[in-house]
């Protein structure tokens, strides 16, 4: 009896806060039919926004993956002074408000910024342009690969790698043939999380990009702009695109999680 | 990447003690703490139902929990606005109110406590609960004295993460709250507004304060957690 | 009757763990449920405790039918193989737990805890956490905890299984002494026949969910009811169409008509006794247990052909 009560409560809460809202987006987007929705999502601005979003992810994800694996190796395998500090830095993007992240970038690379000053004089635009957005996206999606790989690396220990080196493998060979296969599911899971974060980033990119329509507007920013411009169908349609990407992410996460956990 | 505390101490103070800034900071702090507490309860309940219960579609529910991690915050905000705002299909309109802010934050912080509690609950030694029962403890006593103390560190970890996320949250709140100063404007939106008006000093000042407040709360939670696990490092 | 479990059946899916078992335990006695893994002994114990609900049958404690009662209300004490220590509480709080949930006054609890800690010789450890104790200490704590509420029945599920050999032996004797003093109806589940023989007054041998035989240690050893009981309760050899105990194997250097030929493979000196490992003509192994004197008299050597005959042989239909 008590069990049903708890179950109803938990599931009811989930429906109320999570499921119903998402379902409604789909409903509203296609309320007036498939046509208008498709139309809204294929305007030049929308298409540009979509491509920009994908481009940002395409840059940020591989970079963060490589960085993540290297960082994880350093943190777990090499004791160096300040490793705890580095560890905390890696977690920083999770604790900072995205607005603050974007703002920091503005301060650093904007017209009066510490670096911006010099860069703009040499003709490099960082803020209100691609580079700034790339930096923002990289920063907010930084931690995921590291955080997924570190515990796995810790758990598998150095025995296998030690065995490989006694058998004559070079550092690179050991990495490629022993370490990498051992961490591949963790990396995969981390990549999925990183991609989801990169695609969905809003706050930091908003601040840094200036939200210039058709130029520095990502799909997420486009949703807000459409909504505020009373283009409801456009906002919902773009949201559906993002929601579908999110669901794809969820599916991938579900598939990869058990493999990652049963190390 | 550190903000500038430019302009000297007095302008920092002015920026930070302006009524609007104070209101925004207070709202962020209060709502985030509230959200963290609510999540402590609901997150534990959901984790319990996922681990100890058995029903159809359970693994689907398990996957769905991560949706707030995958869904862009702006979309989350829009979905909540659509369902619980004007033109709501179910007739509930809480847009542009503090309830709206609360709901948006509950959405984005949902997974944290669930995911920290789940593995601990899975690993929990059932025999402790059986021992307690054999010694005469009723179901509630078993939960209160045995299960809960052992879950507490995990709950606190989740709460800390939920709090950190909530206090800085922007995308999901910016649409549904209406950003009414003194009423529904949270700190991150306030900072955004200051940036847009090029008042970088105020923005920087409030950012720094926000950072310190969240650091303070996180340290407090960390200390609590240390106390709750004293049996491990006695 | 201290404990009466009648016609108890418990199934887990397709698997029948306990099959229509009836067991009666006299008040104040120490009984062992002995059997291999999967014999149903732990399940039966848990049914008696109320930690499992039987599919059929009844459980009575001190004449009271408790079948429908949850463990909280049965007045039992239960000790688990892996201690089930409340790791987040101190040793003292662990022992006090049963009294704490019964809302006893603090002074009463403190006194009783002190009494029990002294009984199990853990007095200096009251403020420590279980993680700081050794396995043996944790199990003593668990026992003190179970006894704190003065249960009418004490149930122990392979209580010494997780401890190393020396500690096991110590705690066995200790449990025996404890029982002699407290006279609580006690049931101990074990797969170790030596333990059962040493500790219990009465042993119930179980196999595949059913009782094979009940009796005192001597009875079981000397008058086993089945092949299973005989081979479980002590070592056996197959000889002459029956089962023979190693110390009942007579070894001679001359044949005498009733003997069988065997070759000495190995002679192992185990301190006070000697184990002679033999192999018969058809390749079947055999071992005989001789005293040092017997072995010396025979002057056996490896590879030697000897002649064996059972002094006592048991045949089951």
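Going by the order they are written in, the chains are A, B and C; count residues from 1 in each one.
The working rule: a residue touches a chain if its C-beta (ideal position, glycine included) is under 8 Å from a C-beta of that chain, and two chains touch if they have at least 3 such contacts.
Because the structure is a prediction, the values reported are computed rather than measured.
Asks: How short can a path of touching chains from chain A to chain C be, counted in steps?
Replies: Between chain A and chain C, the shortest chain-hopping route counts 2.
Asks: Report the most central chain, judged by the distance from each chain's C-alpha mean to the global C-alpha mean.
Replies: B
Asks: Higher C-beta contact count, A-B or B-C?
Replies: Pair with the higher count of C-beta contacts: A-B.
Asks: For chain A versus chain C, what separation do you get between their C-alpha means, in angstrom?
Replies: About 59 Å separates the centre of chain A from that of chain C.
Asks: Which whole number of Å gives the spacing of the CA centres of chain A and chain B?
Replies: So the centre of chain A lies 19 Å away from the centre of chain B.
Asks: Counting in whole Å, what is the centre-to-centre distance of chain B and chain C, each centre being its mean C-alpha position?
Replies: 53
Asks: Enumerate the contact residues on chain A facing chain B in the complex.
Replies: 2-3, 6-7, 9-11, 13-14, 17-22, 24-25, 27-28, 94-108, 193, 196, 199-203, 206-207, 220-221, 223-224, 227, 235-236, 239, 242-243, 246-247, 249-251, 253-254
Asks: Considering only the defined contacts, which chain C positions touch chain B in the complex?
Replies: Listed in rising order, the residues of chain C that touch chain B are 49-51, 70-73, 76-78, 80, 82, 84-89, 97-98, 100-102, 128-132, 142, 145-146, 148-149.
Asks: Mind pulling up the chain B residues that touch chain C in the complex?
Replies: The contact residues of chain B facing chain C are 125, 127-128, 130-138, 141, 145-146, 149-150, 231-232, 234.
Asks: Looking at the complex, which residues from chain B come into contact with chain A?
Replies: Within the complex, chain B contacts chain A at residues 1-4, 42, 45-46, 48-49, 53, 55, 59, 61-76, 78-80, 82-84, 89-90, 103, 106-107, 110, 139, 161, 164-165, 167-171, 174-175, 187-189, 191-192, 195, 200, 203-204, 207, 210-211, 214, 218.
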